[in-house]
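As structure tokens, here come the structures.
Look at the two complexes coming up: subunit A is in both, with subunit B in one and subunit C in the other.
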Partner chain A sequence: MFSLKFPIPIENTLTPPPKTNNNNNNNNNNNNYNKFSGCSYYCSVYANDKLRGGIIRSPPTSNVALHNNEASVVGGWPETTEAKEEPFPEELRAELMPKHVAVIMDGNRRWAKTRGLFPWAGHQAGVEALKEVVRLCCSWGIKVLTVFAFSSENWIRPKVEVDFLMSLFEKTINSEIDDFNREGIRISVIGDATKLPSSLLRMIKYAEESTKENSRLQLIVAVSYSGKYDVVQACKSVAKKVKDGILDLEEINEGIIEQELETNCTEFPNPDLLIRTSGELRVSNFLLWQLAYAELYFNGALWPDFGKDEFVEALISFQQRKRRFGGR
Partner chain B sequence: MDLKYPARKLSRSVLTMGNVGLQLLWYFLHILLSIWHSILAIRCFIESCFITCGVLEKYKSLNIAKLRYLAIVIESEDAHQTSKVVKLLQWLDSIGVKNVCLYDMNGVLKKSKEAIFGKLKNAKPIEEVNEAVTLHVPEHMTLEFVSYADGKEAMVKAANFIFVENLKRQNFGGEIDGQVISEPLLNEALKVVGCKGPEPDLLLVYGPVRSHLGFPAWRIRYTEIVHMGSLNFLRYGSLIKAIYNFTKVHQNYGT
Partner chain C sequence: MQISNGYTVHLLEGLYCYLRRLLFKVLCVGTVPNHIAFIMDGNRRFAKKNNLAEGEGHKAGFSALLSILRYCYELGVKYVTVYAFSIDNFRRKPKDVQILMELMRQKIEELLQQESIINEYGVRLHFIGNISMLSEPVRVAVDKAMRVTAHNNHRVLLICVAYTSRDEMVHAVYQSCKQKWSHLNGEEPSKAVKNGGIEKVKGIEDKVEKHSVPPPSSCSLIELVDFERNMYMAVAPDPDILIRTSGEARLSNFLLWQAGTCPLYAPSSLWPEIGLRHLVLAVLNFQKYHHYLENKKEKKKHKNF
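Up next, the complex of A and B:
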């Protein structure tokens, strides 16, 4: 509540900002990644974007193209440079950081609509916001980040949008694998894979395989996921084990079902903190079983606008709560 | 060399003064923000008072039809305050919210059931009411009491029930077909094991933590969740505001 969200660090404020290690010579003002701790640079980037009425991560409007329902980027995007470690915020305590953060990334389409853009521009901007949150999680010692990318209920959306999203997932995973390996990020995908395009399935399998040894951060992407489906498939797995003689009926308890949930791919299956953006106050069939004791943090910002400040606010809120897990 | 030393000393002094100045500015801005947050808290309190007194027009008439089933989560420590729970239920009855589910993790409210029904003349337990209570507007209140045992534990019982029923149906070899398990089947199994309440439209959480504390997960797919703070700070105005805000919500359900 009392965190100060001003971009004015009080250390080394009068030292000049370090020179950018940017291989891309495109030094336009749209290079919005806040990589520098220097006060003046941060303020100028932040202030310039605010004065233009944009946001830190707004993409150039003319650069998102839709060709045959596939996502493509047509020049002008700020190149992703090597991610730098984000200093640990002073408002937070390292020993109280959540191990597992879950995020419902809501608001992409509304973000695009308020700017007169097509929905896919919102989804593309949402990807950038996700990259930023992943970078922050890596820097601040969060072990697992689960994001709700596509719900089983989303299949009823217009085919154009669904095809775009599938294409976007595929291209994003493909383009980020090297970064994941460099940063020690392991990617896992959960959800009902039967409905996914085969090319996306192959990409997912490749990404999971090539990053499985990474241990700094586990990024779990829920695609075609439903909390109820997760419980149902866990029950089916348990039934199969009983059928195969691995389990007795009498042995079935909560723990047995939890082991079969899709979040069994991680050491910390239950989120400590759930963040939902865009102001909606519900979990929308996400990780129903796993969220029993999660701190629920609902933020009014639309997902593409969710950045470091908002994330810090969520973490502060989490650290201030007295979580008793039902005990005294 | 001699000229460099005073210059360095000067720049160090300037740096130190600058840093001190910025620190002071930091604390000043921090104080300003704290004052701002305090003003917001006072504003919320005053608004709640105005709502209670009926000063604010828009809260006078609520479209309760949209709120078919309300769930209330209370922290077990606070759940011992039966009088506050009864007060809350009386407010809800006066507003027109008739179908309420009360949850606390340790089952304290279940143990206080008799005391609560004793103080509410117009209330019946859900077990005595026909199914699909949400399909009509009853004249009496319907109360459901739920605890942790009705959440994950109930899900395990429901799954076991399906396994056992499946086993009975198989004539040879006692094989279990796991593929028959589906959402509708689990819904039915949950009713059989005694968890017949519907999915609440709105869930109000009274407690220090912004968590639903293990409320039956199967039932909160699209439930709006509002944190109300501690039961010690129960306010009629806050309740009205939460319900009013819910009536204004639009859900896409994934579309």
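Up next, the complex of A and C:
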């Protein structure tokens, strides 16, 4: 499905890319997807699936009508790399690794613009960068990775871009479920679900249910998310408990509110490290409560260009910080 | 000779002041931030670096604060918020905490003196945080400072003491629930009285709408407006820039709610070393992003948060 090699010579992303040997058929409810790997992935299923050209995954009631060709191959057959553990970098110390890393994946559209491409090309490239970071987190023992995929403020973007992003989320989640289960990755999605397309909601629910037993890495994807929304919905839940007599007014404290935040889906709700790419120096309403003591790291690279080297740099910076939490 | 030297120093100071005002006039061609927040980090490291006694770093930090306030107010910044003492800081050694409490009391008294910057610029003081956690002498000084400056309305200085953002949010939820349920029970809705007796006073720009008591049938849950109204920082608009000195890049539980979209600036200088150049750079960065941020705010007004 994703067969991106950089730079991407996509001529017109509003119409389906040229068909290849692996035509897929999405005219029925089975939603045939041909899946390709254009970059190193952490699993080896793609090669076999490509040869079979068969169905990868289809939630029972989904009726996704996406772009005609999910299997565009640019530049020939994609690489068929096997899943592989990334060796632990020598520059890092295992005992100082953050348990929870959060990422604001900023810069997709600028990345596309600098290459004369449409914004959605940047988003697709961004997915590849995300997959690489997920792979590295798995390899290096990070327990939780939270990514800011779509802010509540992003709804004001052009409809065609928003629709593409919703479709991209759905396709990506769908295509990765098997890999998540193979690699022990649990996926959770946080954010205001009321605005999401129903097909995406079904896919999310299916993916969360399918992967809920996995424990190697928890990937939390923030979609239609706002830190303020998260805090207010938590406070409303607390207020309701007080109103219903479940909780006494005097019992309200930080722990009570934290339990109601959307990050209550994980054992480590508070990021140790926040990475923001593209050089913007702000947190943009992401995980406001949870970032109270997080180390902030800002990198000038645009998100699709964020790879292993940049991630190691961020982790080195984190490990050099002296975290006092107000004491000492 | 001494008179000559004194005259030269005076002349140079005057020249520096003139050049600074000229620089600010240039900066004012762009948008001047309305509210700047500072995390005053690095006082202890400054003391250690310069082999100073315990507490001397904080005294140097106070001098730096006065300088920065002067620069901000000269530039036209109306609100300045400083993170003076976190609730987390109570976990420091009791002796260190005691020194800081005493220093705080002394400096508050200094601020109220006739020739201080507070009177020069008509600055109103707000002490933001869980004031009841402070020692008695400091609480008395705080109450006096707020009372004495309550009539000032040209500039505002918000000093966060015994503060963390999470505690502020907990307090806001608590107060919101208390008000809502008091109304439901037929009692007079209590005013938004915060801990330590800080009250919202009219006359200063306030971004929160006036409180209107909804009819009992719709009072099932608290709303965003209730929550924001009961925040300690409801007396000021959100900061336009957040500056943290000493190179540490973290928020340390400061203004998490208010600084969600605010540009961050983290110079490596320790707080007592902060100077005009840091402020100028921060303002230039702010002006660079201001247009972009304003566009986003306009669009956001028509959407749910």
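Following the convention adopted for this analysis, the second predicted complex is superposed on the first by the 247 of 328 C-alpha atoms of A that agree within 3 Å, B and C clash if a C-alpha of one lies under 4 Å from a C-alpha of the other, contacts with A are read in each partner's own complex, and residues count from 1 in each chain.
By our rule, a residue touches a chain if its C-beta (ideal position, glycine included) is under 8 Å from a C-beta of that chain, and two chains touch if they have at least 3 such contacts.
Since we're looking at a predicted model, the values are computed, not measured.
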| item | value |
| --- | --- |
| Side-by-side fit of subunit B and subunit C on subunit A, or clash | clash |
| First, second, both or neither for A:R282, with subunit B first and subunit C second | both |
| Partner chain in contact with A:S151 - subunit B first, subunit C second, else both or neither | first |
| Subunit C versus subunit B, contacts on subunit A by residue | B |
| Partner chain(s) touched by A:N214 [first = subunit B, second = subunit C, both, neither] | neither |
| Touching partner for A:Q259 - first (subunit B), second (subunit C), both, neither | neither |
| Steric overlap of subunit C with subunit B in the superposed model, located at which of 7-15, 133-141 or 277-285 | 277-285 |
| Subunit B and subunit C footprints on subunit A, overlapping residues | 152-153, 156, 227-229, 231-232, 235-236, 238-240, 242-243, 249, 252-254, 257, 281-285, 288-289, 291-297, 321, 326, 328 |
| Touch list for subunit A against partner subunit B, complex | 1-2, 4, 6, 8, 10-11, 13-14, 151-154, 156-157, 227-229, 231-232, 235-240, 242-243, 249, 252-254, 257, 280-285, 288-289, 291-297, 317, 321-324, 326, 328 |
| Subunit B to subunit A touching residues, read off their complex | 14-15, 18-19, 22-23, 25-26, 29-30, 33-34, 37, 75-77, 105-106, 148, 151-153, 155-156, 159-160, 162-164, 166-167, 175-179, 181-183, 186, 208-215, 217-218, 220-227, 249, 251, 253-255 |
| Touch list for subunit A against partner subunit C, complex | 152-153, 155-156, 226-229, 231-232, 235-236, 238-240, 242-243, 249, 252-254, 257, 281-286, 288-289, 291-298, 321, 325-328 |
| Residue ranges of subunit C in contact with subunit A within the complex | 86-89, 91-92, 164-167, 169-170, 172-174, 176-178, 180-181, 220-222, 224, 227, 248-253, 256-257, 259-265, 285, 296, 299-300, 303-305 |
